[in-house]
Amino acid sequence: MKERVGFMGLGIMGVPMAANIVAAGYSLTVYNRTPGKEESLRKKGARVASTPRALAQAADVIIAMVTGPEALNELLWGEDGAAAAFTGEKTFVNMSSVSPMFSRELARRLAPTGVAFVDAPVSGSKKPAENAALLILAGGPRDRVDALAPLFQTMGKRVVYCGEAGQGSMMKMMNNLLLGAMLEAFTESVQFGRTGGLSLESMLEVILSGPLSAPIFQMKVPMVKEGSYPPNFPLKHMTKDLKFVVDTAYETGAPVPIGHLLLHLFRLGVGQGLGDEDVAAIARVLENMAPGSGEVASSPSQ
Amino acid sequence: MKERVGFMGLGIMGVPMAANIVAAGYSLTVYNRTPGKEESLRKKGARVASTPRALAQAADVIIAMVTGPEALNELLWGEDGAAAAFTGEKTFVNMSSVSPMFSRELARRLAPTGVAFVDAPVSGSKKPAENAALLILAGGPRDRVDALAPLFQTMGKRVVYCGEAGQGSMMKMMNNLLLGAMLEAFTESVQFGRTGGLSLESMLEVILSGPLSAPIFQMKVPMVKEGSYPPNFPLKHMTKDLKFVVDTAYETGAPVPIGHLLLHLFRLGVGQGLGDEDVAAIARVLENMAPGSGEVASSPSQ
Amino acid sequence: MKERVGFMGLGIMGVPMAANIVAAGYSLTVYNRTPGKEESLRKKGARVASTPRALAQAADVIIAMVTGPEALNELLWGEDGAAAAFTGEKTFVNMSSVSPMFSRELARRLAPTGVAFVDAPVSGSKKPAENAALLILAGGPRDRVDALAPLFQTMGKRVVYCGEAGQGSMMKMMNNLLLGAMLEAFTESVQFGRTGGLSLESMLEVILSGPLSAPIFQMKVPMVKEGSYPPNFPLKHMTKDLKFVVDTAYETGAPVPIGHLLLHLFRLGVGQGLGDEDVAAIARVLENMAPGSGEVASSPSQ
Amino acid sequence: MKERVGFMGLGIMGVPMAANIVAAGYSLTVYNRTPGKEESLRKKGARVASTPRALAQAADVIIAMVTGPEALNELLWGEDGAAAAFTGEKTFVNMSSVSPMFSRELARRLAPTGVAFVDAPVSGSKKPAENAALLILAGGPRDRVDALAPLFQTMGKRVVYCGEAGQGSMMKMMNNLLLGAMLEAFTESVQFGRTGGLSLESMLEVILSGPLSAPIFQMKVPMVKEGSYPPNFPLKHMTKDLKFVVDTAYETGAPVPIGHLLLHLFRLGVGQGLGDEDVAAIARVLENMAPGSGEVASSPSQ
């Protein structure tokens, strides 16, 4: 028999994820701190809880998909928080993006309730969430993660088991470090070539026809061509993840020279008002550094 | 009727490229500064010139594929150099990797001979050279580049026209800046994750199943798994190309923050004796920075 | 009449600072978490408290000089913690090095006790502590800071008022960012010159006779000459401070490109076992990057 | 008896240097490519040569103080160039700032003339040039450098012998790497503190009263206070020197992580139109990165 599911956090990601759960025939209860988002889900058959605690009481598996530690703390330990209803029979799945350190702290704080804790951040943004094509990065007790497979498959195309609780977040940091580097390098390279007189079309032909041709580049081509960056994955979220990377590397001692540089550059972007644009707007940070770098500049010796 | 082709420079790339030309039915003359490499080509039907000048006299299209400016200068303007036999009816195609600046200087120096100058560096290493699957980045007079299409197709799967002479080199720098960044970021991310307790297998599953999955990563997986880096594209050549990138960016004013960082890191690799290993050996530079970073290290506050 | 002073934290810095206070005729009570350090002070006339709470009860001004937030939290809010005895008539002065954020959090947490909170980290290491030549960077209510001037002058040669509580820490971060950059740049420049064939003596003559001649360079000359780095200011403490800088810049949006690079480099040093050596041992991190860089290396094109 | 001196290059530095030579009683002949600058020197007793060659014929010691390799090449080997009149009895002293590599190339090209070649770039800008307070960094045959001591002392307060020809330039690069790093770090630290709410006055008090207090900081205080950067040492010249540093480090393998970062940042400054302002205008590059960083910005998590 299917678990009763509770879903907290009905944002850009949460609404389509919850919709996919209910569409798969699960009994679903939802909760959102600011009301209004739950209506579309109610129409699809979800119940609406009045507090996180009520939601947790009515569910076997409680999922959270919120913006960060603060929201999570409030949902779990705020007034009528969910944690008060956690028991050894229930499973709490945090799919919000947090640092590995915060995730391990969550595990510690939740231990006394007996709840099974799984961290399962996702790779993929709005569209994959709608298409149930997310990549789910799961950390926690292996048997619980395995048992959640059918539920995860309503939301994602693939689940990767990453280790104990916290390792899902670690995997997401690893992946987003690479993502941030690839996008910065892509826009840096293209701007370098443009300043050197190459056409955008010829550069894209070279990049996309050879071994560097990652799907992410193809996805960002319209943004690069039009110089307009409607958000799939907001630049400020990447900035936050890069801070987690630097914090984690400080703890573990992993050398992340590009990680440090990226944190510097993306944080500049937030300060320049690009936080709500797509992560590919890092291109703008480079353009702002060299106002005339769209044209061939004169050399410093002249 | 097919042009008579002359090919100078029989190294790792030159031999298979020349072999593909002669296999396509072109009349081919070859020359190499240090003898011994031409034997396999002679057997396939190529003639061997005793000097660059003799080669140039016997050919309509003269191709050079050597290690850099020094070798090129010697072949063109050294004793019995090829340039002495250049005329307005001939085309000189430099496929060696040089800086855009050197390429433009070549164009200037060759102008008095009347020869048509095309720069056409390639993207792709040994295997694509053997399989006639190189990507050819051509700069020079459009009509000459178009006329060379059949000849280029014996060596490569695609020709991208990049603009005037020198722009082929510019395109290659652009592409290799992105390549270098992607490989450094790939190995940095994987080492970051490993230090944080993730398994290599789970990380590769995540990277290779999502939007970051570039063919270049797939190609380097065996090296990363075994920690052994037999050269496809030697790290020292990438280092040289990154120097060209920084030199060019200094002239044009393009901001290349990752380019500067990469030059620092890859040059360390050369100094650490990794120059003749594959470019993916940049992973070793990071490992050398943090000897114990394969294990979870203690935090600096402890 | 002089305030009764309590001093918690009898480390390398704390012992000489406390000794200077008692030598100036103040009534002094001391406490240290691990016993044994208080003996020399007892002989000079200090009393020894058995708990932080007892110390706070016996003093008007309570000073803490410990290694960081963890120790501070324990002294203040651990078993028999000092905070339980704080009142509106007392002043708590944190001279430990913490982040501006932690300092502001301290202020918030202490507010209910009514205690006046002053943060007053110092610039200067062991020797200036002994010679009462510290530079004291004070944040908090102006009148309280002013009232503390006679007490501060027993420990330091100068007090700089930095603003509200937390701004003393901000000033220390600012100063240590510059200190870290100067020492890294000093050793980087000297290694650059040495690799290029310059003698250490001639370089020091140039640096120390011109406008770059900061006293800190003069102080580190013996270390650089002997390649041995007995700790004045341990490298791991600088690393911690640079983490504070990056954390703070992440909050405020200040661009700290050198700060990010320094955090990377100094953290490498900790991972390489240099954490307990002097901060000038950053020279070793650079040497480890380029094992043969004491000799003139061959160029990568060879 | 005093040598007859020839001085080529009458710019911001050259005019006061030449004036000091003639004031010391030397027989002086001057030459400048663009006429008009020699008038003040003629009044002081200098003769004016009509060509570099004529100047070289009339002098025992020929000094060049020009903007770089191009100007130097023209003066030496252009029409009526000075090199044609060089002999084994004469000494050529290049005081212009060039790369160590160019300096060694100069030595090679001059060898056939038999002239003694000394490279002697200076540390110090306009004011020290006027006050005969330059620091002279001399490379070349030791006996010739020693013999030049009285002449050098008319221009500078100190001569440091750096090794063979080219090593004077190497020393200057080493020194300017440190200078560039110190000024960037100074302005970065001050902007970091200002963004964090510290007053400029309190920060300057801390920096200038402690061990970081280098004379160069004191010299730049008025610029930092007024946010106006009249050139003593133009930012574009520092940029050029940092390019030499990176070029040299590429040859020798010395790790210069800050050097790479500085080249990136200062080159941005040139592209932003700051090349003719003082090198301390690097502060503007940081300000341009974070337009609102004079005020406390909100954190990216908000």
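Per-chain residue numbering starts at 1, and chain names A, B, C and D are given in the order in which the chains are listed.
We take it that a contact is a pair of C-beta atoms (placed from the backbone, for glycine too) under 8 Å apart; a residue touches a chain by one contact, two chains touch by 3 or more.
Everything numeric here is computed off the predicted structure, so don't read it as measured data.
Put simply, chain A has to spin 180° for its C-alpha atoms to lie on chain B, with the angle rounded to a multiple of 5.
Comparing the contact residues of chain A and chain D by number shows a mostly shared set, over half of all numbers used being common to the two copies. With centres taken as mean Cα positions, chain C sits 38 Å from chain A.
Remark: chain B and chain C have CA centroids separated by 51 Å (rounded to whole angstrom). With touch defined as above, residues shared between interfaces to two or more other chains in chain D number as follows: 243, 249-250, 253, 255-257, 261, 267-268, 270-271, 289-290, 292-293, 297, 300. Shown here, the protein chains touch in all possible pairs. Residues of chain B touching chain C in their complex: 68, 70, 236, 239-240, 243, 267-268, 270-272, 275, 288-293, 297, 300-301. The touching residues of chain C, when paired with chain D in their complex, are 100, 123-124, 135, 137, 158, 160-163, 167, 170-171, 173-175, 177-179, 181-182, 184-186, 188-193, 195-199, 202-203, 205-207, 209-216, 219, 245, 248-259, 261, 265, 286, 289-290, 292-293, 296-297, 299-300. Of all residues in chain D, only 243, 246, 249-250, 253, 255-257, 260-261, 263-264, 267-268, 270-271 touch chain B in the complex they form.
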